[in-house]
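Notes follow once the structure below has been shown.
For clarity, chains are labelled A, B, C, D, E and F in written order, and residue numbers in each chain start from 1.
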Amino acid sequence: MPYVNIYLIEGRTVEQKREMADKITNVVSKVGKVPKELVHILFIDLPKTNISKGGTLQSDK
Amino acid sequence: MPYVNIYLIEGRTVEQKREMADKITNVVSKVGKVPKELVHILFIDLPKTNISKGGTLQSDK
Amino acid sequence: MPYVNIYLIEGRTVEQKREMADKITNVVSKVGKVPKELVHILFIDLPKTNISKGGTLQSDK
Amino acid sequence: MPYVNIYLIEGRTVEQKREMADKITNVVSKVGKVPKELVHILFIDLPKTNISKGGTLQSDK
Amino acid sequence: MPYVNIYLIEGRTVEQKREMADKITNVVSKVGKVPKELVHILFIDLPKTNISKGGTLQSDK
Amino acid sequence: MPYVNIYLIEGRTVEQKREMADKITNVVSKVGKVPKELVHILFIDLPKTNISKGGTLQSDK
């Protein structure tokens, strides 16, 4: 605790995930006043065909 | 807002996702009285080995 | 299967959830070609202080 | 209902998922006093690059 | 890792959650071959008005 | 997209959520190279009785 689930469009690099994980952990730890070790993050990658906004798939835009 | 996450068995086509996204967005928009543009949908595809009902995997049925 | 999770701002009525559940189940059943009985929906209500878009809480708008 | 979502590191075998599904369904059914048939479980597999603890990706450990 | 999210109908007691947490952690640890300390479980309680199966709210059954 | 779900122990203030939302949105926007307006965050508050680590509820620690 806290647990963070991040849904992303496929294609983000490991470097981007590494940087997001590091920085988001710092924010949650500092603002939430919990040790960094307790901050867990999961990235769930999704193809553009699996994301819709306003009724239109991302792959159709 | 609203955000809709739909867990599906792998194998649904893009056409099926497109039609579901369009129609579910219309329902949520009309019934919830929010602009369509604010309705977000994610599809999470899962293999049959990753779904269990009553203690039995879908792949064993 | 399929499983649908819908995150909503607090305050939608039971009538609205009933109508959404009925209509979304019909869409998923018809388009996905699964019996209605297999369509499960969960509504997760969230206060405006717990939703952010573009870095701003809904309660601050 | 109940619905159980389990996020796992990629690489667990179907045998492991089968055994987990069977045993967790039994626990939830007995303790929760619901028929086994109503217990649904989804496994979401994630690569080590998509999991962070304490700000460090599992793939970097 | 692993992370387990359990959606339950409101009304389960703390004793039931304690027993489920203990037993599910044991199952996941033994079958998944991970230390118990790495098994995390979240319970999300939902009212009967927020759960639909086959298009009908639990509160209407 | 991206969508961020954060599970927190109950009791964080609106100020803490506001600051987390602002800073996490900035991180995701900059590292992920997406406009801030596309970053959505949901906070799900959970009581200590609903969180288990290593088989023990947070409320029992």
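The rule is simple: a residue touches a chain if its C-beta (ideal position, glycine included) is under 8 Å from a C-beta of that chain, and two chains touch if they have at least 3 such contacts.
Predicted model only: the values in this text are computed from it and were never measured.
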With a step meaning a move to a chain it touches, how many steps does the shortest path from subunit E to subunit F take? 1
Only C-alpha atoms count here: how many degrees separate subunit B from subunit D in terms of the superposing rotation, rounded to the nearest 5? 120
When subunit A meets its copy subunit B, do both sides use mostly the same residue numbers (more than half shared) or mostly different ones? different
C-E versus A-F: which interface comes out with more C-beta contact pairs? A-F
For subunit B and subunit F, what's the span in angstrom between their mean Cα positions? 23
Averaged over CA atoms, how far is the centre of subunit C from the centre of subunit F? Could you give it in whole Å? 20
Two or more other chains touching the same residue: where does that happen in subunit F? 1, 3, 7, 40, 42, 44, 51, 53
Can you give me every chain pair that touches, using the contact definition above? A-B, A-D, A-E, A-F, B-C, B-D, B-F, C-D, C-E, C-F, D-E, E-F
Subunit E - residues contacting subunit A, complex: 1, 3, 40, 42
Partner subunit A, residues of subunit B touching it in the complex: 14, 17-18, 21-22, 25-26, 36-45
Residues on subunit B engaged by subunit D in the complex (per definition of touch): 7, 44, 46, 49-57, 59-60
Considering only the defined contacts, which subunit B positions touch subunit C in the complex? 1-9, 12, 16, 19-20, 23-24, 27-28, 31-32, 51, 53, 58
